[in-house]
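Labels run A, B and C following the written order; every chain starts at residue 1.
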């Protein structure tokens, strides 16, 4: 599918610098583009590639235009504009409405005739599938699951009892939404399982990554609000609420009963405790750990970055001896006739 | 299903304060309960909600009873009592014994007639399924798998060759038990795969979370003892043994050949090295890392909690300059005519 | 299957000390071996077990031979030799060529007649399956997937559009290769999905663990080179390239557009940032975090190991008060009439 630069400029509201008749057939990176490819520049890290690219044209912002020798589509948000152009050039495969004969559909499931249910899917009683929904191979939908219009379950998605998924939400393979939360009451001789009688409500325009798990609520529902984006291998505990448009990178875990605000950005491999709340517009660096509530918007971190191992282990050894530093300071302060420092550190030292 | 407060008090050994005829239809949180709901108070964090709840009754302990204005079921362990009441009010769907016609069962598999095998399940030769077992949709059981009575494989559980699962154990969707362990012998030009000839033995009354993986043993079996509770997205390496009633939260990884004691509680996102052992009754804080064996019961941690990012990065910078602090102390000690501190820190400083 | 020690010595190039007629039927650990078992010693941690083992013979290196009282197969790399012997004693189940009747194969898929496609597998248009490939139960191969000879998809592996898997590569259950990468462009009111038009190329002799996810490239392909070994529950972001023979332990996440060198060894639960590169022959300790590129071979770490909790929290409190240490040092330096230390630490202190 080829589109002219002129048509792209008009359709996506860009300023075109170059020949409007140039045909664009595909997208490419700046480094690998050819004369039929459109590239983009959003991350300044790659600005150096602008001089040498062979792209037919580049989508970029006004500040970067000076360094570009090819045709350009100039706009304020080149990454979003690129995304829309790529969606035009690479349309999704059209739905093939109907239910594959190998799918197993319980009596009483309601499937909109415009929806597609693929091979090997299993739909239980009371499932409701809206218009233009795609249910990929090996998906399993337990009783009472409801899918709003245009939901896409790419493949092998498991939805537990009564889970509801909002319109246009995309769920990647292997995700499990609505498994029992981790609820066990301690007793003298082990644990008693706490029935998990809530479910999961996922809003519209959400994306859920591969092999990510979202547990059903213990009593009330676990809630993922509209526009939330979850990467792969994320764990969301029971009763969690994630606010609209928050994005969370892979391998992060959110423990039960925690509330996360709107428009947060949480890095990968972050660990968030249970029963806390995080305000709107919070950024958390990758590999951080959040033990207490965060009440103010802003950027937060608790990450260390690797050093060469011998340097690192020496730093750790010194960290573990930090009480000795305090003792040496006190000895010096006494020798110098200085009043002991009146700060938390000195006070704390004296109690150790 | 409605049950009277009086019946609940008798059946679960609670002291009832209120009208025994009150009908309980469902459970609810203190915040959302109505006049037909039973709530509970176990976490003191929520005690403030007791004054305003509209619950028909609350399960709580004697110490909390004074703050409660509704009917009460008073008992020593309100969380466990609540769990049992909820199980009564929300009984599991009854089994539908038999094998769904779309399931694929190899000749020679033995399935108890009281068991249910759902759509799309695949059972290989030599599989043995005990009484009242539930095998959910898309489960795959390789040769020689044995399921004891009342096992529940919720959906899409994959069990490798010869894996044995104890009575009443529940496995959530996406779990993989008995994949090959990560065993590769280094050679000059790469790795040689080490055959993983052991299997996995899971005891009774275990729960295994969604998308959790437990590798088969390299030679001997990997062993999960009775009553162990594993959350979602946990990795258990080959030859690991986890002691009875230990509970592990999500995203934690236990490397190969490590032994974990009984009744441990391990937080989420913990990393445990291979070839070590952890004593009984050990608590490990979330996001900690365990590199060496732990020989004594107790609580352990190595977690940092987020700070505002500019504060955090300054702390990290200071941490990395900690050698300079030592040098400044030595200079001061010399100037003050103090004998150098005779501690590990000072000695270590002098060798850097 | 029994093999004589003499045959093993000849076939695998070991020096035999003992009776060549001794029959070996199985492998065992040093601790659990009996008179028909072969054990091995590779990890010096287990050397103490050599004196008491009842094994028929032990595979070990010359340095360990003195401590062994049983028959021996002496060689330079006992772990690799053990691996090869175990593969001989425990041959893989032979393929049963053909397509199971419950598998769903689209018109136009090409399956080599020597390949085996198991129950419940779903193969889309344009899939190409090479000789002796094993496609386990519940695997799902989207359009254009290509599997080179001798690939093994153990069970329930999901391969996205156009994913190519190299010869002899083994993929464990639950792995998802080729789901959409985590690409969203921020806009004023949320996120725009960036089409992920690249795919994934996996080289030959790779192993991919259970429930591991490898995202398709945003534009160019994500690439896993030959001989790479990935453990369970690993997340590989879009456009990542992992160099040949690199091994990565479980629960590790590699963010998008990062390049990892050849022969690296990355521990479990490591977090690697996006858009960086790691040199060849880099070792990274488990639970470390890599925020910046690593340009030189060597060992790197940023791990803390657990302490008893009360000790740990005191260390953390002191760490957070480290600015106060600097202030006390400056006060002492002034009192002693010492010129302020001219180092980064002192300079930094003065600006706080």
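Observations, loosely collected:
The criterion applied here is as follows: a contact is a pair of C-beta atoms (placed from the backbone, for glycine too) under 8 Å apart; a residue touches a chain by one contact, two chains touch by 3 or more.
Not measured: the values here are computed from a predicted model.
Although chain B and chain C carry the same sequence, what matters here is overlap: shared residue numbers make up under half of all numbers found at their interface. A turn of 120° superposes the CA atoms of chain A on those of chain B, with the angle given to the nearest 5.
Between the Cα centres of chain B and chain C there is a gap of 24 Å. In chain C, the residues that reach two or more other chains under the touch definition are 102, 120, 138, 156, 174, 211, 233, 251, 269, 303-305, 307, 319, 325, 329, 332, 336. Touching chain C in their complex are the following residues of chain A: 26-29, 32, 42-43, 45, 77, 79-80, 82-84, 86-87, 90, 93, 100, 102, 118-120, 136-138, 154-156, 170, 172-174, 205, 207, 209-211, 227, 229, 231-233, 244-245, 247, 249-251, 268-269, 286-287, 303-310, 312-313, 316, 319-320, 322-323, 325-326, 329, 332-333, 336, 338, 341, 343-346, 348, 352. Within the complex formed with chain B, the residues of chain A that make contact are 102, 104, 120, 122, 138, 140, 142-143, 156, 158, 160, 174, 176, 179-180, 182-187, 189-195, 197, 211, 213, 215, 219-220, 233, 235, 237, 251, 253, 255, 269, 271, 273, 275, 283-285, 288-292, 294, 298-305, 307, 314-315, 317-319, 321, 324-325, 327-329, 331-332, 335-336.
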